[in-house]
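Listed next: structures, encoded as structure tokens.
Shared between the two complexes below is chain A, which pairs with chain B and chain C, respectively.
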Partner chain A sequence: MSRPAEPLLLRTLGGVGHYALFVAAFVRAVRRHGVPWGAVLGESYRIGVLSLPVLLVIAGFVGTNLALQGHAAFTPLGGQRLVGLFVSLAGVRELAPIIAASMVAAKAGTEMASQLGVMRIREQIDALEVMAVNPLAFLVAPRLVGILLVLPALTVLSIFVMVASGYAVAVHQLGLNGHVFLEFATTGIRPVDFLYGQIKGMIFGALICTVSCWYGYFCESGPEGVGRATNRAVVTSAVLCVALNYFLSEIMYGR
Partner chain B sequence: MGPIRRSLETRLAALGRVGAFAGALAWRACTPPLFGRAILGHVWSTSTRCLPPVVAVTLPFGMVVSLQGLEIFRVFGAERLLSSLVSVTVLRELAPVMASVLIAAQGGSSCAAELGAMRIKEELDATAVMAVDPLRVHVLPRLLGLALSCPLLYVAGSSAGLFGGWFTAVLVKNEPSGIFLQSLWALTTPLDIWAGVVKTVVFGLCIGLVASYHGTFATGGAAGVGRAVNDTVVHSVLVFISANYLLTSAFFGATT
Partner chain C sequence: MSIIELDAVHKRFGSLVVLDGVSLAIPERETTAIVGPSGTGKSVLLKHIVGLISPDAGRVLCFGTDMGTAGEAALYAVRRRMGMLFQDGALFDSLTVGENVAFPLDHHRPDLSPTARRAIVEDTLAKVGMAGTAPRAPSSLSGGQRKRVGLARAIVSRPEIVLFDEPNSGLDPLTSDAIDALILDMKRELGVTFVVITHDIVGAVRVADHIAMLSGGRLAAWGRTAEVLSSPEPVVRAFFSRNLVLPDAPGGSARLPIVRLV
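And then the complex of A and B:
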């Protein structure tokens, strides 16, 4: 399989087909060779724990801004109490899954693309094949299992940090009543919303991992090739996650 | 205490290097010659390259705001407020932040990849040897190009977000289009759009500074360029999200 090079529409369609073939080949490889479970723990550590500080800082600032904007928007309507509802609904249902996914795409996804890209241009992937080790099962499968384990957990943590920082801003900067904030924050959401967030996280994780590994696996030679693969990996997976998010939200909450 | 102190020291040293780098660039931005044609070229290439991903992200986000807002407002029987919510959230927060995230991922990372490849291939050193200032010729136009294309992309992104909100409310959920368009500007003022423009210029400067710093000081071959790109996206999002909190507090926080 080599990357096709044609005009834009053909290239896009060819890319989609090529990606589908890559995923099919990956599924076949995993079914035949199994997942190397020994590498899963290390990958989950690298994806989850190393993305954690960045994600928590960003989720915190998203929460503060939710509170500020909710306050600015609802004050003219006399609904200052709705700030808690706004923070928890927007955070739990939409922003926490999306922010966690885009930060994991930006940190772990780019790392996958650049690692696999460097392995490709140093011909290490070919070397694996020569040694009769299936590179898809050996390199991609542990990363996929790791991201599936870790992204739902990161989603829950970012929900917590978002609501906490929204509370901090609402109470200590805007001077709202904390009890009212928490009461409205908890009435708005149901336990099943958390489950939906986890499902979103797992779907986004699978998408990020396969897209980033696809870009890295078919990286072009040279430092520009690695840079371009990394760049495209994060942009494509972020765009696909946000677009997919609309349809998931429509299925989960639209009726 | 040893490793913590050492990591703190390396971080502070990196911060100092960023500051010195920013100062050097600011000095070159204030003194002639400023390569206007190169800046415009980078504005054009950054805007065209970032436009598809920015629109592809803000459009579904507007649709999601509409979807979720409609569900909440139906409980209160206040569907006519929906478009006000859409325009407030899109213009004030979502469009600036999501557009800048995508600009960091697309424009910032390609800026870092280009400069990093020039560093690795010693083109930046070659420029300096020829008595041409690489910061002025290669780095500054890229940084200013990013900073100037951010507001353009903000305008495009917020239009796409508003359109997405209208699309879901009117065509998918069968709300009346007239009410949507009538109350679209009920809570927003031109000041909101100016605030968005100011925000995105600041975000663009942050992204450009982080990207050109990581690109210019890339080390270690192809893997180093990959690492520079990776660090660029993560660090620039961190920097501008924290700047966003301060800017939002300044623009919208003082209503009490």
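And then the complex of A and C:
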């Protein structure tokens, strides 16, 4: 039983080690060569613009469903007023950071993996090396700074869209009192919850960027290689973000 | 005098031996073509010279620096003295032609004013027959044009060594001829060391002062072009006779090689 699992385990451990070496090399490269700040604005704009439309749609519909489920769960118990609290707590603490991260992984993360993958197979990364320009500092650093700036902002935006769409469904469809919804929505959360949401966003952003760039940077040759790298980047980023979210929530909100 | 020295270079990928003790001294200010059948390790050899791959055993010295063990600072100092034309040009799609050519200057010549930089870029593009193309996107160029722009980027910072990875691959015979002519022009004009990796025998004979032939990861022949073409080694004669009418082996008549397109 253990034989088929061995190669997978070894492969996984090997991958983790390789990723760690990549991150270490990246940190060394940035310390030695700095960040090409001129490219950061463009990367931030692209990450934000790529992810924003789909994020707004998803966050909006998550908010509507939170209101529906909160209403279904609390009404039989006579706790309709808790719908606002439910929407805001779930949105601010858990769903906004993870959904913003998932959408950024799906849009910007895949673009990072495919861009670097294409650069790898077309020898453009080798060309950077031969021109004595460190590819990690030149290609990965502006993307990382861009995502660190943009993802917390997208997380805040998701929070407001979720609460607003939850409010719209709760008040206009389910007939709840709007003032009560907002009162419970705002009293249930603390300012530090927003801070925690930002911190989650930054950690997820760093993870998405480094994982996606790692897959792209070491892309196997050929178009299939780029496809595989892109696919693995989004799957791995999403799985790691969701798993990490549990541990972060435990640290931030546990006990 | 040798500017690049390979000393018993061994390289294997898994169980596949790619380079099996290759020793070679590439002379300064001359053109050396490294030829050989496909899969014989030519591109791997080139990557050793620029330090993209380290040998398993042996040494690769460029300007006296061991490219396999040098730290990043030393490696980059050597690479700033080199330019390389990649197979497909390796132009950055997000930049214009002019920005691609200016790239080495942007990163290593901060002393240049934007006006001076533009002038150098235009002048270099004109040298490779691509004047006026600076605002164009690389995606709008043909294969031959991409190589010309790649060559402009390789020579824009006046390197002492220019390396070519398969400059004729994927090109029609006429465009190949034009690229060969361009290499000869650049050699006359710049007077630098050229290393050309190619499987195009006709092109190699046309541009090279020296030829090194790799076969099965080993150096099968090395010397002045005419000497290699006169080699009695069966593997060398078999390789070159595919595309050329060879001179007789030593002892026979000493005709110069007649080069013809296939």
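Assume the second predicted complex is superposed on the first by the 249 of 255 C-alpha atoms of A that agree within 3 Å, B and C clash if a C-alpha of one lies under 4 Å from a C-alpha of the other, contacts with A are read in each partner's own complex, and residues count from 1 in each chain.
Rule of thumb we're sticking to: a contact is a pair of C-beta atoms (placed from the backbone, for glycine too) under 8 Å apart; a residue touches a chain by one contact, two chains touch by 3 or more.
Just so we're clear, the structure is a prediction, and the values are computed from it rather than from any experiment.
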| item | value |
| --- | --- |
| Touched partner set for A:32, first chain B, second chain C, both or neither | second |
| First, second, both or neither for A:49, with chain B first and chain C second | neither |
| Contacts of A:62 with chain B and chain C, given as first, second, both or neither | first |
| Partner chain(s) touched by A:16 [first = chain B, second = chain C, both, neither] | neither |
| Which of chain B and chain C A:246 touches, first, second, both or neither | first |
| Touched partner set for A:129, first chain B, second chain C, both or neither | second |
| More chain A residues in contact - chain B or chain C | B |
| Chain B and chain C contact sites that coincide on chain A, given as residue numbers | none |
| Chain A residues within the chain B interface of the complex | 54, 57-58, 61-62, 64-65, 68-69, 71-73, 75-77, 85, 89-90, 93-94, 102-103, 106-107, 110-111, 113-115, 117-118, 121, 173-175, 222-228, 230-231, 234-235, 238-239, 242-243, 245-246, 249-250, 253-254 |
| Partner chain C, residues of chain A touching it in the complex | 32, 119, 122-124, 126-127, 129-134 |
| Chain A contact footprint on chain C (complex, rising order) | 47, 50-52, 72, 75-77, 79-80, 82, 84, 86-88, 90-92, 103-104, 107-108 |
| Chain A contact footprint on chain B (complex, rising order) | 53, 56-57, 60-61, 63-64, 67-68, 71-72, 81, 84-85, 88-89, 92-93, 97-98, 101-102, 105-106, 109-110, 112-114, 116-117, 120-121, 187, 221-230, 233-234, 237-238, 241-242, 244-245, 248-249, 252-253, 255-256 |
